[in-house]
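One structure is given below, encoded as structure tokens.
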Amino acid sequence: MDLLAFARGPALTFATAIFVAGTLWRLVGVLALPPWRDLSPAREGAPPNWLGAIETVFRKMIPHKTFLKAGMFTTVNGYVFHIGLALCVFAFAPHILFLKSLFGFSWPGLPNGFIFGVGALTAASLVAALAYRLTSPVLKLISRADDYVSWLLTFLPVVTGLAAASHIGARYEMLLALHVLSICAFLIWFPFGKLMHAFLFVFSRGATGARFRHRGAQL
Amino acid sequence: MRHDETLAAEMQRRGVSRRAFLKYASYVASLMALPPSAAEALAEGLAAARRQSVIWLSFQECTGCTESITRSHSPTLENLMFDFISLDYHHTLMAVSGQAAEQARLEAMAANKGKYIVVVDGSVPTKDGGVYSTIAGISNLKMLEETLRDAFAVVAVGSCACFGGIPAAKPNPTGAVAISELAGGKPLINISGCPPIPEAMTGVLSYVLSFGKLPELDHLGRPKAFFGETIHDRCYRRPYYERGLFADGFDDHGARQGYCLYKLGCKGPVTYNACATLKWNGGVSFPIQSGHGCLGCSEPDFWDQGGFYRPLPTPLGAMGPALAGAAVAGAALGVGAALAARSHQKTYLAASEKEKD
Amino acid sequence: MSLACEAKQMLEDDGAFVDALLWETHARLAHFAETGEIASIDLGGLPMSGRDREALDSILGRGEVSAAVEVAGRSEVWETGFSSVWRVRHFGDGTIAADLIEITSCPSILAADRRDADNAARRLAEALEAKLGNAETLA
Amino acid sequence: MTAKTTVSGVAFDAQGDRNDTDRRDAAMQGFVRDFARTAAIHMESCVRCGMCATACQYYVTTGDPKYTPINKLRPFEQAYHRHVGPFAPLYRLLGIKSNVSIDMLQEWEALLYDACSLCGRCTLACPMGIDISELIKEARHGMYKAGLVPDRLELMDRTTKAWGSPATPADDFSDIIREAGEENGVPVNVDLPKADYVVTTAPAELTEHTKALTDVAKILNKIGASWTYSSAGFEASNIGYINGDVELQEKMTRKMIDNAIAVGAHTLILPECGHAYGAARWEASRWYGREIPLRIIHMTEFLGEVVQSGKIKLKKIGESTSFHDPCQLVRRGGVNDAPRAVLKALGLELKELEDHGALGWCCGGGGGVVSNTRADPLRFKAFELKRKQVEDANAQHFVTACGQCRITLTLGAKHFKWDQKVESLLELVADNLQD
């Protein structure tokens, strides 16, 4: 079996299985903990908890202006690589085919040249994020191994993807195999590190949203 | 059969000038993307060479490779190859049969000891002592071993000989293996494909004949001149790929427009061969041009890559059961973890209560 | 313009490629004029369309010499409108087998090889002897 | 009780004479009991983006990264991962997340008590929506259990346990009320067996701001309500809530609620105190164990009600004012409109601070910080932010609706010799009642 067949075959199946099992393990493990029921009467006119939660999931997409004064880079750069990653994952034709094979439906993609540009921008943005993490005193203090591992495992699929698309560095099937393997590594790590925020943000924002909107407080 | 005369003298005897070598050399140089200045050296080499004894062994194969080489597109030019070599044994093409045929092989081996080239098409069954394919009562395994012993080099022609091919596809009932596994250190060239492009076969033989050495090979032993680039890299439909324009079915708008066949399972991006430039049937067409994706036939295990119509980026394994199992396991672990945490918390609280008392 | 039309256009418009080839030819020709070093450009491996080939030949044009060589099929050789720039096209069974631009005084496929002369001399002598023999017989 | 410093030179207080291991284990027990679903989700969700730092007055004014809000949670987080998180058994097995060390707890005491006013501004800045302030409050539960609390706060805790209030023995309460009534010429009700409204107090009103005691009486008398103060349940500030002493928090909650039920009140009025609102309005039912059969409202909500319903009429002051939003009342309590409606009824033109409402900066003294003298330098540093915004608003009055905020702001002004009076909304209303 060559490396590409290994990557597309057993490696990908294993990694995806770990991803699914780990993600459910972590989510269920947290959500199955008993809640502290809030018996206090809601503020008059407060939305029901589920609505407060959903409102907040969206509300938190945009930071308050006052926090942007110091957090502009974090916010803008964060948006750049999140949108970049989303476009690369969900709008690149080969990726759509991959997702179609998993979910059974597909959608139109964007031209490769455009995706390539987005990928390059995303890689640059990730490098900037790392540089910021390594230089900001606050981030240096609060960062831990998880942050650097998660960064690397996000960065690798982007650069191997760019290399594969531009045929730089090695033969295409080797680059493709490395790309798939880097995604395997990403998937395996995902449930155990902060990458999990891709799912957790809904619950995290939602929980605070329910708490605050119940009180009639703004977020 | 011994061949003492130079090819130039032999051709001259037949009233053919050295221009024939020059023209043939131009042709081969162009095929193999050698610098045009190499054409003259190639012509000189060919002219000075002796007729090359070639022993062609056919094992577990379908004769498609022989069909391919004998139907090369320009008999007047390409057939010169058959003037340059002496095909001393090829059981499909030779006139004699039976004992006489095997005798011819042994004679050629004796007469050209250390100089003859062995061409093999087909894979060799190794299971159960190789009983699954025999010629004249001799197993392929034994015949290969015997013939290779005094050969100068071996050329594996076709994906079966190069990589095991279809006989070695799962579940490989005969234990078929590639020639490379049995070549025992002899210089080996793989010319893969199912079948290989005829020009690749004649080009490589000419090169060896003229320069007395192997051309530059890739990591799979294939001449880079023909296997240096992917079908995708040289495909005329590539701009559609870059634009994200794909055929979604074999009879949809995209297919009629001639859009890229990637979504229909084309293996062009990972297949190294010259189909997109040399094409087939005298440069008439190649699979993608006629509307079908590349099968990847010149790559190892092309039969076992999950299906010809399975797009390249899709996973090879059956994900469904694995993921369902993982989901159940993950949820169970999650519930278990939550219960464990609760009991752990209770233990802690109990300890704390005790302390209070 | 729709995306599909654009892509089609992209496949067809490739005039820049022929220009590059002509500049390359010019450079080699100038070098030949200066040093006498011959050169040739193989068009076979280049991704040229029929249209490109037509464009190339219409610019190069036809010069003073045109020749056909019949060996292992047909070959056509002609000098272009630019002296010392030749086009050599080998056919095998009707299709193009090799297609070259050669920058030289005379393409080698046209020149006879001296090593063939020996055989030719013998054959000519044989032809003459045969002719003489015939005359004697007649006489 | 001894004042000590950690290896890195940070001061910490320790109560009791337990050995380090016992202390550490007690902290872990305190931490672990608080991880319910929401806290666990929040513990899992941090992406270390650092946005919370930009929201914290202690980080912004000092630039010291250790004041980054999420950093203050490190021991709590470590306890979570080791004992409660979904991978906790794995971590314990592999020894990946070690137990919290006593050194770490001592180091973090100042971060959890001196450098956090529980103002919750970081919660609004967190893109993941982590309620950091709530988590810090829960982390304090473990710190209290371990006896690692600033001595000044612990002193208030012990006083409350002994007296029923950090300000005065419950026995003296009725006297203080009656004296204030006489002094200010306002008829007061204390320890009536039955009343519709029970009014509660905060320590500042029993010591410095005694006029507040009669201000509320004046308004209640004006609307002709049946109301009373009760010696059996007057203390609303709930030091247990602030210190992380959950037993005391529960005790104080029960005392106040049980009394109000006994008096047959339909409404319990909380004093002008932010944490009282958090503890009673939103958390009381958690500690009381069931829904509470009466209304609990903040003084500001009460003022809003009587003003907006027209039960009282106010004289128009006709000047401009700025308003300091008490964090627990506005940001974490949702009472944003009532104080503004009252100011409007007073005919005051409101000049909002640059950051106001839910986004207002904390006075810097909440969460016990103002009582914790050890934190004074940090608190004064944080005060600079507020001062600048108040000066920029350039209004004639500066009003707030929380006694603790008022004390903190007044102390700050005094420290910087800044001539700015901080007024109470209740007092303004009481002083401008129309006959």
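As written, the chains take the letters A, B, C and D, and residue 1 is the first residue of each chain.
Note that contacts are C-beta pairs under 8 Å (C-beta built on N, C-alpha and C of every residue); 3 or more make two chains touch, one makes a residue touch a chain.
Here the structure is a predicted model, which is why all the values come from computation and not from measurement.
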| item | value |
| --- | --- |
| Chain ID, smallest distance between chain and overall C-alpha centroids | A |
| From subunit A, the most remote chain by mean C-alpha position | C |
| Pair exhibiting more inter-chain C-beta contacts, A-D or A-B | A-D |
| Euclidean distance of C-alpha centroids - subunit C vs subunit D, Å | 95 |
| Approximate Å spacing (C-alpha centroids) for the pair subunit A, subunit D | 37 |
| CA centroid of subunit A to CA centroid of subunit B, Å | 42 |
| Distance between chain centroids, defined by C-alpha means - subunit B, subunit C (Å) | 33 |
| Where subunit C touches two or more other chains, by residue | 3 |
| Residue numbers of subunit B (touch at least two other chains) | 243, 333-334, 337-338, 341 |
| Touching two or more other chains - residue numbers and ranges from subunit A | 25-26, 28-31, 33-34, 111 |
| Which pairs of chains touch, using the document's own definition | A-B, A-D, B-C, B-D |
| Subunit A-facing residues of subunit D, complex | 35-38, 40-42, 44-51, 53-55, 59-60, 63, 65-66, 68, 70-71, 84-87, 123-125, 127-131, 134, 281-286, 290-292, 295, 330-336, 355, 357-359 |
| Residues of subunit D defined as touching subunit B within the complex | 25-26, 28-30, 32-33, 35, 83-89, 145 |
| Subunit B residues touching subunit A - in the complex, by the definition given at the top | 230, 232-233, 241-244, 246, 262-263, 269-270, 300-301, 304-306, 310-319, 322-323, 325-327, 329-331, 333-339, 341-342 |
| Of all residues in subunit A, those that touch subunit D in their complex | 25-26, 28-31, 33-41, 43, 46, 56-57, 60, 63-64, 66-67, 69-71, 74-75, 78, 133, 136-144, 147, 192, 194, 196-197, 200-201, 203-209, 211-212, 215-219 |
| List of subunit B residues in touch with subunit C within their complex | 8, 12, 16-20, 22-24, 26-27, 29-31, 33, 36-37, 39-40, 73-78, 80, 234, 236, 239-240, 243, 245, 257, 277, 282-283 |
